[in-house]
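Across the two complexes that follow, chain A remains constant while its partner is chain B and subsequently chain C.
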Partner chain A sequence: MIGGFEFELGGTPSPDDVGRLLRLLRVKWPACILESADGAVTATIQDVLRNRSSTSQFFLYRDLAAKRSWDEHGLTEENGDAMISVIIDEDFIMMIVNAQDSVSGHIVKEILQGIHTCRNVNRLVPPSYAPKSQQVTI
Partner chain B sequence: MNHFTDREGYNGIRSQPTWLFKAAQPPQTRHPVGAYFTTFGPDEPNLFKKLFIPNAKREFIFSFTPPVPLQLLDEKRGKVHQIYYSPADYSVPRSHQISHGPTGLQ
Partner chain C sequence: MKPETAILATLFAVSDVGWVFEQATSEEGPDQVAERIRAHMSKVNQEMAKAFPLRPHLLVEESIRTDSSQFKPLIQAFASPVTAPMCAMIYAVLDGAEVTAIEFSYKARESVSLSLTVQYETGEAATFLSDDAWDVEVLRHFGIMKLGNKPVIDGYYAFRKAAE
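The block that comes next holds the complex of A and B.
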């Protein structure tokens, strides 16, 4: 069986996109925890942004309690809306939530719309005025 | 190819000499009706977070070589998360069965 609803933004992702994604989510989930897909790295979203880290697949939890719940139970009725799975691939950004019409679904829609808008704005700015890319790696 | 399930599913599938994986509608209707499988094994880190399903569904595993080719879910999530499906009930005769049993994961 498979669960989750995929929201997708096409186009080649840049390190700036990842930074924007995390900054936009931090507004909604200030206690957000990031875990790399292999489980090797767990960090607060502030640490990830401060250390300019990036990874191609990761999970974003609303807070530490949400991560602990997912670790222990996997998906439940209570924690389904407290985790977002992210895939950064060559030509798309995908954010997977438990359900399309959910709080996390609306958050993800806002984030991807925000990234899309920033990309469009950046296209209008001459390269010499564009800010330096923010490299984000774990 | 692997299929993970809970105890009820495990007992139902293994009760017949030919394993029958029944097609069903996933929770999100944008995913096609089907019997779902993955090439990931039980040691794949965070597999059930990637699949957005409860941990109870990872208790038991069936492993087999596909007697009929399965479809990749799509070129994006399906490719990254190695998700395959059959749009109809999927039978695996004894000749293609490799193993089945508890995964050791709770």
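The block that comes next holds the complex of A and C.
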């Protein structure tokens, strides 16, 4: 885990929230690479969207070059804004960036706001029963 | 009820649309319902093959059996009168494709027109068209967001129970 600035969205996260997070990030970082916190899983954002990773702590790198830079040098002045740390907990989503007033900081802020707005949009519509007819005598 | 019908009924139940099979009548029993849905799935497979001829896909039924959670919104679509091209569009989005364009127009008691373009990361894109009013339902499932004050409409989401 790195130090930095935390952005947190409260509420129980759903798989849909993670999907929204990744789809929004894809707009800004189309070549994004996800790495699970334990390093066991590394995948492109496309593959994660396709296969739905169940990992709850992961790093999102802007691209492969950013990941390599982090692997080789750790945090540097150049790559600090090219990685976001994510924690999906039971009752919050936390995204950590190197600096609050950075490009990644603004992206994260907008992503969490987007998830927050979306959460209440969809609700299950009660089923409608198929019309039936029968002969009656009045 | 045939065993394969029971599997489909279970998938629909866990996707909050179990009523599709629970409402089976004497005229259309559960096996007939399953047959009708499978015929629709077959059309969706054809639409996917037509839209993305170079891209290998699992068949729809295989996909929903493999991961009913990921494909829950598609299972819900099979519980509504959404046409095969729109179901194919839903499949592609759930498979990771990005929604790149939506055009919608409506004239009261005259016409409805819906055009949806989706694109995979490989650049393969397809536009799905409909003039069926029921297909407008799909618009309610998209993730509508903003990034940098610009619109992002992407992702396709299931209806959830209000208590969730």
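By our rule, the second predicted complex is superposed on the first by the 120 of 138 C-alpha atoms of A that agree within 3 Å, B and C clash if a C-alpha of one lies under 4 Å from a C-alpha of the other, contacts with A are read in each partner's own complex, and residues count from 1 in each chain.
Here is the rule we go by: a residue touches a chain if its C-beta (ideal position, glycine included) is under 8 Å from a C-beta of that chain, and two chains touch if they have at least 3 such contacts.
The structure presented is a predicted model; accordingly, all values stated were derived computationally and were not measured.
Engineer: Given the touch rule stated above, what does A:30 touch, chain B (first), chain C (second), both, or neither?
Structural biologist: After superposition on chain A, A:30 lies in contact with chain C alone.
Engineer: Output check: A:74 vs chain B and chain C. Expected answer is one of first, second, both, neither. What do you get?
Structural biologist: first
Engineer: Look at A:19 in the shared chain and tell me whether it touches chain B only, chain C only, both, or neither; answer first, second, both or neither.
Structural biologist: Touch partner of A:19: chain C, not chain B.
Engineer: Identify the partner contact of A:8: answer first if only chain B is touched, second if only chain C is, both if each is, neither if none is.
Structural biologist: In the superposition, A:8 contacts chain B only.
Engineer: For A:39, is the partner it touches chain B (first), chain C (second), both, or none of the two (neither)?
Structural biologist: In the superposition, A:39 touches chain B alone.
Engineer: Could you pull out which residues of chain A sit against chain B in one structure and against chain C in the other?
Structural biologist: Looking at chain A, the two contact sets are disjoint.
Engineer: Please give the residue numbers of chain C that touch chain A in the complex, ascending.
Structural biologist: Chain C reaches chain A through residues 16-17, 19, 23, 25, 67, 69-70, 95-96, 98, 120-121, 140-141, 143-148, 152, 154-155, 157-162, 164.
Engineer: Within their complex, state which residues of chain B touch chain A.
Structural biologist: 24, 26-28, 30-31, 36, 45-46, 48-58, 73, 76-77, 80, 83, 85
Engineer: Under the stated contact criterion, what part of chain A meets chain C in this complex?
Structural biologist: 14-16, 19-20, 23-24, 26-28, 30, 44, 46-47, 49-50, 52, 106-107, 110-111, 114, 117-118, 121-125, 127, 129-130, 132
Engineer: Please name which positions on chain A make contact with chain B in the complex.
Structural biologist: 1-6, 8, 35, 37-40, 57, 59, 70, 72-76, 80, 83, 85, 87, 89, 92, 94, 96, 98-100
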